[in-house]
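In order of appearance the chains are A, B, C, D and E, and numbering begins at 1 in each one.
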Amino acid sequence: MFEWLGISQQALFGQLLVGLINGAFYATLSLGLAVIFGLLNIVNFAHGAQYMMGAFVAWMGLNYLGIDYWWSLILAPLAVGLVGILLELTLLRRLYKLDHLYGLLLTFGLALIIEGGFRQAYGISGERYDIPEALNGAFNLGFMFLPKYRGWVVAASLIVCLLTWLVIERTKLGAYLRAGTENPKLLQAFGVNVPVMVTLTYGLGAALAAFGGVLAAPIFQVNAVMGSNILIIVFAVVVIGGLGSIIGSIVTGIALGLIEGLTKVFYPEGSSVVIFVIMAIVLIVRPAGLFGKEK
Amino acid sequence: MTFDRTRLGFIALVAAGLVAPYLIYPVFLMKGLCFALFACAFNLLLGYTGLLSFGHAAFFGSAAYLSGHVIKELGVPPEVGILIGTLLGLGLGLIFGSLAIRRQGIYFAMITLALAQMVFFLCLQIKETGGEDGLQGIPRGRLFGAIDLSDTLTMYYFVLAVFLIGFFFIYRVVHSPFGQVLKAIRENEPRAISLGYDTDRFKLIAFVLSAGLSGLAGATKALVFQLASLTDVHWQMSGEVVLMALVGGVGTIYGPLAGAFIIVTMQNYLSGFGSWVTIIMGCVFVACVLLFRKGVVGELSGLLTRR
Amino acid sequence: MNAATEYLRVAGLHAYYGESHILHGIDFEVRRGELVSLLGRNGAGRTTTLKAIMGLTDRRTGSIMINGTEAIHLPAHRVARLRVGYCPEERGIFSSLSAEENLLLPPVVGSGGMSLDEIYEMFPNLATRRRSQGTRLSGGEQQMLALARVLRTGARLLLLDEITEGLAPVIVQTLGRAIAKLKSRDLTIVMVEQNFRFVESLADRHYVIEQGQVVETVAADELQAKAGLLERYLSV
Amino acid sequence: MNMEYILETRGLVKEFKGFTAVAGVDLKVRRGSIHALIGPNGAGKTTVFNLLTKFLEPTRGAIVYRGQDITWRRPAQVARMGLVRSFQISAVFPHLSVRDNVRVALQRASGKSFHFWRSERSLDGLNDRVMALLDEVDLRSFADVVTVELPYGRKRALELATTLAVDPELLLLDEPTSGMGHEDVGRVTELIRRVAQQRTVLMVEHNLSLVANLSDRITVLQHGSVLAEGSYAEISSNPQVMEAYMGNAA
Amino acid sequence: AQSGKMSDGVVKIGVQTDLSGIYSDLAGQGSVLAAKMAAEDFGGKVNGVPIEVIAGDTQNKPDVASNMARRWFDEDKVDMIVDLPGSAAALAAVKVAKEKNRIAMVSSGGTTRLTNEDCTDRTVHWAYDTYALANGTARAVTQQGGDTWFFITPDYAFGHSMEKDASEAIKAAGGKVLGSVRHPFPGSDFSTYLLQAQSSGAKVIGLANAASDMMTTIKQANEFGISPKQRLASMIVMITDIHAMGLKTAQGLLSTDGFYWDLNDETRAWSKRFFERHKRMPTMIQAGVYSATLHYLKSIKAAGTDEAGAVMAKIKATPVNDFFAKNGKVRADGRMVHDMLLTQVKSPAESKYPWDYYKVLKVIPGDQAYMPVSKSVCPLNKK
């Protein structure tokens, strides 16, 4: 059998598939971040916390109310989106006129509060969430077992990414959102209810994070720090793709998942830093990221 | 008038520094001073050049490691060790700066973060740094071969001196012809270029100075705690210094000093509260953003001038 | 004045940016189909008057009646929905949108707006650059875009700030004819202009603003008589 | 070195993705003259300015300034050679005082700008020049005002003072009177005339009376190339220019 | 704390622990409670002076730990610090204790450096160390027939040393290590490594990672159908980890533990008391904190002073006999040697009541479990 650097071809396919799975997942997560950053100009440090809340809401739903996975997939993003809307209305709203830094600091503070709260309530080890019955088991692909659930994650992520991209790039609403980023006051003077739009957008971003959280719950342990661990990677994805570029974060998310997967095979110790190496190179060569528009 | 007030402020600062160890636990003061210097160095960049670096831990931490290493393993005297750490900060600053300086805003922050992560990775992989155990038991040694730094009070006055030198240096830079150009660049870069200023060079110099001072702070810290660890190079340290500057007041000369002490105090005295610390910290930041946006010092001086 | 035809009435309008008090009680009114101009020196507060009507200043008091509706407490998007179109001084072209997207951006607030074809006919430059990123247009092209943008929405009251700024004389002349046409369609227009020659022939009335107050009203037929007065207010 | 022309461009071309904004412009600016660049909107005037000051790189062609080829120099270098521009949209340092705005510009020539170890009081020697420059544009009484608070016209005046502070040999003015009231236009016209006594001025302007008043020579651009060149009288009677630019004005 | 019999009129015990980080469930508030219970059980007073327990969060950072230790000793009159999760933090605090002539009793931190190259005469290492865990599990599993191994190891010193100790034990017992992979810490997705482990064909997959990394690895091993075909053996598992993972996921997992609450009547009695106040069963670390604290207090009483040298002499001279350790003894290098347990996680069907998680497969005698004195590089052993 064909071997490459000591890895059999079959194993390599397996690894690429795993990379793709993670990539799809990064794409979903970075999507919400990109939407919020691109459209509201807020570096949403609470994104990780919202992702974690998505997972926890699903867990609570199952354990306290008996809501199953499929309903959680809809209800948890709604719930977290609502929390996002509340946060926007009460806190973030006051910061739009100010430097990004303040939005960053505020959402960072919020993330600390939310994470600390969950940690206080549920400890650090976290809770488990089982894979839904229908998705138990695995497909035998010949070169590896693909857990059905992972297959579902890829499909669900890609669909959500595509839908979001369509809305923002191809609809009037998307044009409002982009214009609102630049000059909200003027857009409002044209008759668009910008404050409501901004609130809903933040809600949408939070809901996307929560959706990612529900998808992740059966794969990882549901715990308070699951978000902060992944946040920085997702952040890098958004920057490499080009801030605010929806397509950029989707493509980059998947590509980075693959690259990271390969690094894990050939130089596993370096898999945490490879993303930063790529980020530095990309930004030095293409200042606005792969898909970003230069000013 | 303003001149007098500035001078009065400096005298008060020095006086407070001299008597403080008799009233407050000196080790705590030393920690505060090291971080204050770090925050002031960072503020030189953010507050006066408008560049938000998210990789300053790289300078702070790698200087701590290197000076710790040369003091511990090669037995160089402390002042030389600190100097070497500072030089490393300057050198790294030059590398980071040359790569990042042409980028703006969030992209600048991200390149510095990415480069700092690489430094972190190196520190994790290199054997000399001791991995997650860090470099422990760095001897304080004798300053200039004569003064024994193992005495806490002596060490304190040494740290105070280092801090004051750094602090006054930053003040000088901010209020120099060079500082004026920095302000102009922060305000309107294309205009500064059209007046004939090579803005990239000015920004680069500011960056290198800030990195060098961060290295000085890190090296001093290593000597105080006889310890250099991954915490010092971790991105959270870069975040912490941003917070210190913000809490105290970006672009004010005393702000980062106050901010550093506030954060260090919080870390010290809230340590028994577990997860509540995280929650309390979070609340402080939220409150800062909503209520004291200019930072503690910024708001206070705002109050004073309004009177 | 007949209340039925009165379209805009501004009374005792005060406006603030943060702590600074800019408008100190502006009063004027415009009837349906009329065009008035606001004249004054730099910094007199003309732009601020338009912004205050739109609800874009930090704070404002007084009364703004638009076609019988009190607008002083309405947020900007509700004011726009009263069929008001605003063309800002700094143009406000969106760089993340193409020229055409910019043009199509403002929601239609009423019937009777110009069609895209009509607009491209009036400003052929825009037609050729329609796919360009909005802020890549030349200064003058951006100015055309900013104006064209509000003509599409079906607004009945136009607030136009320095629309001839930076335009070539030919275009200014085209613009003059376009404005005259809008007026003939019964649109109500408030213009802020430095270019007195431009408004001279178009306006029914001129209000001279000085330090946030209306200090003089000059009807079109009084221009000759008050020429000296205007001279004194507008130049040193 | 050609002493007659301070600035020459040869076959200057600038293409943006599939669109040619400047299509082979040969421009000669005589030393000591006031030269105006006019033309319809989108003709490429600002783009030519951006090419001259190196804010854009030309696709083809050469720029020669004082006999040296500066086509590939960097913006700050060109500025230090005395080729200085003002912007179409006002360019000041908004949160510095009016005085500091001018002083920052003056400071460059002092050679102390990299002196980060010196007190800014080492610059006090410049204060008289600062006030003199502010006097020239009638801004002396505003010296301590923070610049954001100035009305628009005053900002333009300040910008001019700042530009003069770096003592340019060739001054590029992009619509220097745009957004100004009548009284300011008059003042600026005078100022430009005065300034031009020791320097060369190249300006873009739509205000025809100003162009008529000031300029020695006029180049008319259209669709990125030169349509006509000559004195005001020649230009204003040129039927092509009338149709493309002036309409029935002038 | 030098001349007088009881310094400062108080015996203060500082619990340096992780109150919010990755070790907060296995140590954390539970460790604080354990120390308090020890003080209460001792009667709240020793040699006539009150006993006080204070707590601090090191966040597992060495600089925080060293700083806190210094402040506690200098300012807060602390006589002994206990728990110390995270090897780096433990090493840092132990140095300060030595410098200030106080006692440090490490229950959480696992590194063998504490009793080897970094040993001091003021350190006691109580509940376990990496050698005992890795060695115990690796040897026992290999002897049972699991003789080919693949390691999944976090890329840091703690993990490396676990892997090294385990590999030696495997070879000594006649097994073979087929390969290993080092992943960044903390990790989130382990499927790549698991696939590698799978294709290596090893019978046993050894996990040298801890806490949430370890739990995620096990969960994903189930997902990809890797376990139970290949057996999982974890180098470091706490009962709280099992609780969080659930038996369905964790069943069959092999590991070594220093304590199990359901071992005998004594352990059950104490654990029930602990459970009432903490709502969770104790980990070996928490039980170890209790045991260490109690032993310290007994030693003060026996010494008649709280001076560190004298107390330490008693600590080393007296055998440890409580519910935690039977005939445990503190060696010259500070290692408290006691019996360890080889455990296997029960299946959901086998579990009869809450927290009924382990089958104890074997009791590993202390002198076999811990690194022999002959291998230790601590100079104190040579005296």
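Throughout what follows, contacts are C-beta pairs under 8 Å (C-beta built on N, C-alpha and C of every residue); 3 or more make two chains touch, one makes a residue touch a chain.
No experiment lies behind these values; they were computed from the predicted model shown.
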Would you mind checking the shortest number of contact hops between chain A and chain C?
1
So which chain is the furthest away from chain D, centre to centre on CA atoms?
E
Chain B and chain D, separation of their C-alpha mean positions in angstrom:
43
Here the gap between chain B and chain C, centre to centre from mean Cα coordinates and rounded to Å, is 52
Cα-centroid distance, chain C relative to chain E, in whole angstrom:
76
From the C-alpha centre of chain A to that of chain D, how far is it in Å?
49
Contacts with two or more other chains occur in chain C at residues none
Mind pulling the residue numbers of chain B that touch at least two other chains?
274-275, 277-278
Two or more other chains in contact with one residue: find those residues in chain D.
none
Spell out all pairs of chains that touch, sorted by label.
A-B, A-C, A-E, B-D, B-E, C-D
Show which residues of chain D lie in contact with chain C when the two form their complex.
16, 19, 38-47, 88, 151-154, 175, 178-184, 186, 206, 208, 243-250
Could you list, by residue number, the parts of chain D that touch chain B in their complex?
53, 55, 74-77, 79-80, 84-85, 87, 91-96, 100, 103-105, 107-108, 110, 112-120, 122-123, 162-163, 166
Residue numbers on chain B that touch chain D, as the complex places them:
172-173, 175-181, 183-184, 187-188, 190-199, 201-202, 205, 209
Footprint of chain A on chain E - complex, ascending
20-25, 28, 155, 181-184, 186, 188-189, 191-193, 195-196, 199, 211-212, 215-216, 219-220, 223-225, 240-241, 243-246, 248-249
Quick check on the complex: what are the chain A residues that touch chain C?
172, 175-176, 178-179, 181-183, 185-195, 244, 293, 295
